[in-house]
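Listed below are the structures to be examined.
In the two complexes below, subunit A is the common chain; its partner is subunit B in one and subunit C in the other.
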Partner chain A sequence: MQAADIATLLVNSLTWAMATFLVAAGLTLVFGTLHILNFSHGGFFMIGAYAAFSLAQWVGTSNSIALYLFGSLAAGVLVAGLGLVVDRLVLRRLAGVEDAYILIATYALLLVCEGSTKLVWGLKYHSVMPPAMLDGAWVMGSAVVPRLSLFIIACGLTVFIALEVFLNRTKSGRLVKAIAADPWMAGLLGINVRRVYTATVALGFALAGLAGGLLVSNQALSPSLASAFVIYAFGVIIVGGMGSISGAFFGSILLGLIDAIGQWVLPGLPGLPFFIAMTLILLLRPQGLMGRKH
Partner chain B sequence: MSQPNRRHVLQYGAAAASSLALPGVSWAQGGPLKIGLITPLSGPQEFIGTYVKNGAEVAVDQINKAGGILGRQVALEIRDDKANPAAALAAARELLGAGVNLHIGGISSAVVLALVPVMQQENGVHITCGAGTEKMNHEAYSANMFRAGDSPDARGRAQAKLMAEKYPNITRWTGLIPDHEYGRTTWGIFVDGLLEFYPQIAKKKPEILDPILMPYGVSDYRNAITAALRQQADGCYNSTYGGDAITMFQQARGFGLMQRYKVVCDSANEFLVARGLKQQLPPQWTGMHYYPAGNKNPMSERFVADYLAKTKDNEPLGWAGESHAAVYALKSAIEKGRSAETKAVIANLKGLTWDTVTGPRHMRAEDNQAVKDVELVYIEPAQTEKGYAVTQYVKVDGKASILPPLPGQKLKLRTA
Partner chain C sequence: MDNRSSFLGGPARRDWIVLAVVMALGLLVPSVLNRGLIFIAGLVWINAVFGLSFNLLFGLSGVLSFGQAMFFAAGAYAAAVLTQSLGWPFLPAWIMAAVAGGLLAALVGAVALRRSEGVYFAILTLAFAELMHLLITNTGMLGRNDGLSGLARPVLSLGAARLDLGQGDNFYYFIVVACGAMIALIRFVIGTAFGRALQAVKQDPERAEFLGIPVRLHRLVIFTLAGMMTAAAGALVAPWAQIVTPELAHWSNSTNPILYTLLGGSAYFWGPALGAVLLSAVFYVTRTLVGVSDLVTGLLLLAVVLALPGGVLGLLARWTGGTRGKGKA
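Showing the complex of A and B:
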């Protein structure tokens, strides 16, 4: 294996890792705080992507990176708004119920997302061109590095750093962590737990919408988009440790690397090393890489 | 349950009266003739299944307006198979249990192969509307299963022949193929065609590289794309399909992969990928079950008009043509034998020649495989409302590209 091959492999694995982390970030944030495993997260990611697609059609957000980022943020805001509605109508009612009910309720939400997408955008496949600056690649010797890949990596890193700073360096973030650790005690101390929950849901959904917008030119848009990402997003949050942002981040990097190396070594068995690695990690460390034993 | 109205009474009355006028017809009375339509109406294949459903509904409407089959109205019993063998089996058993013995609609290879034993055991007939497996006419052959469209060997070999004719100097070939039954079948047949036609037509031996296997239904193909880049092939055969193909092409664009190939030959995406990618589409040949603009015959023109009226879509994709052809095959077989009983329908489908939107087709009696011409189009991105344009259209004689029937035996293919 030459240096160019190693560079390409690293870029590919980091691209996958950051794309998956972007989707997983909101999922693990909501789980870590509210202890709700939101099965519909992929559906709201999909709605974010479709919203960004519509903006690309109407406003031409593919014309520049600034517009593209604006479209992604707008998708995030829209999905955050939907998150508030979902919180009011569904998630609040799930507090304290058994996991099976949460699973069924959020799965039903996923079906609502898919049905709504079909109604609004139809069944046809769509795609969005990346802005000109993100189209094409940098060629360094025999290594080919697509600009869109670097953009996705940069977005993943930015979201990770922003979340880490927010959760560990701001008062609001520390409140979220305190409530995640012990909501009863936080309530006794006069913290409005319900309000923090609502804000966390809005942030988690905003992250789903933002991921949809940022990744809109990365893959086909179809009403089954939700499942393409969310299975892997669940994989990285389980491997990283449920509820841990840094666990999801490092878990996605680890699994991305394993997948890329596996594809190189065993091209006839695509995907197999990924699932074997996931199984082994969970056998050795059931709570995930950065999760806590209960 | 809806109450019968005056229209129903008149319809069924007319059907009953006309069937009484046909002595000797083995014809169960009471209600319309039911045809089961089992196709994906949810999940990743829903988009294609919708074409199958629409095409069948147009056929049934046309037949009913013309007086039905032997005077009896036709009704579709529609079930969603989700492109999932378990769901398809449940739907087939339910319909067979309810006495609906004639089915159409399977488009997934796994579904169609799963249906083989149940149709045989429960005495039903199924006509697939686009499944690509060759096994149903070979080692998994069953008298109860039919394919009204082009066979995978006819399609793949016609494509290989066209490549040898049009691109005789492009001899280094690779494949981007989905890692499942359909991908391996299509690649194997295409390679067989390359190995036969390049020496014959281009007087050159093609170099066949290991195909790149693409995982199904994932969000990232970059590792596979990088592997394809390393091969430095000149010709590329793609059989990834639908959303997977669009995602793969989008990500390959960043690497400049498709631009490196001198020709891209796509197995069967018709306009699915072109409609999704528009200006991002890499120019390519693709196989069509039915290309409306290339079929100027009364049945096709009427089908396009009726399809437009029903769906507001003036360019039905080939799967709609396949289900339309399947319904008309059943109609012709029933009329020929004057019976809708399974045994009679099978006997009369075998060797049947019937009219379709692509012209007359012949159902081979030996292996239940239709012989039809293979339609191939070259699509390029264009500054049009659609975002793409068909710049070449070729119809290859189906009789020349299809392999001889070998029911019960594995398809024998050349390998590199």
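Showing the complex of A and C:
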């Protein structure tokens, strides 16, 4: 294996890791705060991607990264709006419901997302070209690094840093953390817990939509996008420790590397190292690498 | 008459009568319906057993598995490989498929039940099932993504008697009898002392343990049994559809028995069977409308979880004010 191969392997696994982290961030945020493992998160990610696709079609092909980012933000806002509806109609009613039923209810939501996506956008595969500046690749020596990969890695890092700063350095972020730790006590201290829950759901869904927009050029769009990504996102938040943003971040990097190395050692079995690693970590350390024992 | 017909409350005799009536009706299907619908009716029987086996875990024992498709697929592939590649007669292959499913479930259960509970167990079983799905799609002998096709309907030979199940609707009748027998076995298990102990485990594991019920062992045994029954149901799909594909192991197939059970009513013995009938009807009616079946299924499931925890049978029980809903499956 040459240096160029290692560089390619690293870039590919980091791209996968950051793409997965972008999806997993909102999932782990909502789980950490509301203790709802949201199966439908992948569905709303997919709706964000399709929304960005429609927007791109409506605007026409563009060459500007700014417009691509704007489309992603718009998808994020749209999905956050959907999140508010879902919160009002479904999530609020799940308070006090058994965990198993919560998982089944959010799976039902995933089905609703998939059905709506098929109805609105059909079964056909679609693809969106990245803006010209992100198309193509940089050639460094014998290593070829697609620009889109670097863009996705940068997006993942930005979202990670922004979330960490928000949760640890701002008043509202610390409010979210306080409620995640003890909603009852937070309520006693005069915090409007319900409002923070709603805001957290909106933020989590916004992250799903944003991820959809940012990753719209990274793969073909099809109604199976949701189930593929939600399993990967489950994997990384379990490995990192459910509810922890940094856990999801490092979990995705770790699983990305394991999968890339595994495929290099055992070619022809894509995805297998991912599931083996996920299963082993669930068995040996169910609270995840960075999670607390409960 | 009791109106809280949980597994414990439901009188066994009524369930036996329902089973007899439903089987009799099932045997009449070929004389009224066309070929396409007979095929669907066969699948409904198989799915009913799939759902009832799942409910041995969920409704009876309080264990949520999101990976039952791995046992269904194990049974289907075992039956396909044994009959097609190795030339086994169907009956031994069917039994072997059930044994394979049971062994796989014992293995998965021994590891997963020891280390996890609740949502973690659900996700862990999902991961195991995906592992199995990946292995199937990457194994040449199992036809990778294409699966195994051209599977023959078997000829049963018992002593001197020979019965060609490829003829006419014979295999459908075989499915009715086989599934009826499996449903009877599931009902029998629920009625035993072991079944009642599982009910206690579901209600309060800690107290059950304190009363001397080995909780973990009981869960493992029922998980193994459910895996075995699921594989036996899956093994019937192979000759019925005459093709097995990796889709059988995909996690979306794991969610089918969950849908049947919740829709029909997880607290009722017949819930999953009724759910299988209803969902198949939904799929049939919406088959030409892309996306509608997912949408309708999702909304129905949401309605059940949020507003109707007893499922359709729970609703019927409420309407009839005491007597439980009668005809089903």
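Just so we're on the same page, the second predicted complex is superposed on the first by the 292 of 294 C-alpha atoms of A that agree within 3 Å, B and C clash if a C-alpha of one lies under 4 Å from a C-alpha of the other, contacts with A are read in each partner's own complex, and residues count from 1 in each chain.
Going forward, contacts are C-beta pairs under 8 Å (C-beta built on N, C-alpha and C of every residue); 3 or more make two chains touch, one makes a residue touch a chain.
Please read all numbers here as calculations on a predicted model, not as lab measurements.
Undergrad: Please determine, from the superposition on subunit A, whether subunit B and subunit C clash or fit.
TA: Aligned through their shared chain, the two binders clash on subunit A.
Undergrad: Return first, second, both or neither, reflecting whether A:L37 touches subunit B, subunit C, both chains, or no partner chain.
TA: second
Undergrad: Look at A:V165 in the shared chain and tell me whether it touches subunit B only, subunit C only, both, or neither; answer first, second, both or neither.
TA: Touch status of A:V165: no partner.
Undergrad: Let me test your reading of the model: by the given contact rule, A:L123 touches which partner, first (subunit B), second (subunit C), both or neither?
TA: Both partners, subunit B and subunit C.
Undergrad: Determine, under the contact definition given at the top, whether A:G268 touches first (subunit B), second (subunit C), both, or neither.
TA: both
Undergrad: Output check: A:I276 vs subunit B and subunit C. Expected answer is one of first, second, both, neither. What do you get?
TA: Touch partner of A:I276: subunit C, not subunit B.
Undergrad: Tell me the contact category for A:L9 with respect to subunit B and subunit C: first, second, both or neither.
TA: The answer is first: A:L9 touches subunit B but not subunit C.
Undergrad: In the overlay, answer first, second, both or neither for which of subunit B and subunit C A:A154 touches.
TA: A:A154 contacts neither subunit B nor subunit C.
Undergrad: Kindly classify A:S227 by the partners it touches after superposition: subunit B alone (first), subunit C alone (second), both, or neither?
TA: both
Undergrad: Which listed stretch of subunit C (1-9, 109-117 or 163-171) steric-clashes with subunit B in the superposition?
TA: That would be 163-171, the one stretch with clashes.
Undergrad: Quick check on my understanding: which residues of subunit A belong to both its subunit B contact set and its subunit C contact set?
TA: 123, 223, 227, 268, 270-271
Undergrad: Could you please specify the touching residues of subunit A with respect to subunit B in the complex?
TA: 5, 8-9, 12-13, 15-16, 19-20, 123-127, 129, 135-137, 144, 146-149, 217-225, 227-229, 232, 259-260, 263-264, 267-268, 270-271
Undergrad: What part of subunit A is in contact with subunit C in the complex they form?
TA: 37, 90, 93-94, 97, 99-101, 103-105, 107-119, 122-123, 223, 227, 231, 234-235, 238, 268-272, 275-276, 278-279, 282-284, 286
Undergrad: In the complex of these two chains, what residues of subunit C are touching subunit A?
TA: 58, 64, 66, 111-112, 115-116, 118-120, 122-124, 126-128, 130-131, 134-135, 138, 251-252, 255, 258, 262, 290-299, 301-302, 305-306, 309
Undergrad: Given the complex with subunit A, which residues does subunit B contribute to the contact?
TA: Within the complex, subunit B touches subunit A at residues 43-44, 46-47, 50, 179, 210, 212-215, 217-220, 222-224, 226-227, 229-230, 242-247, 250-251, 253-256, 272-273, 275-280.
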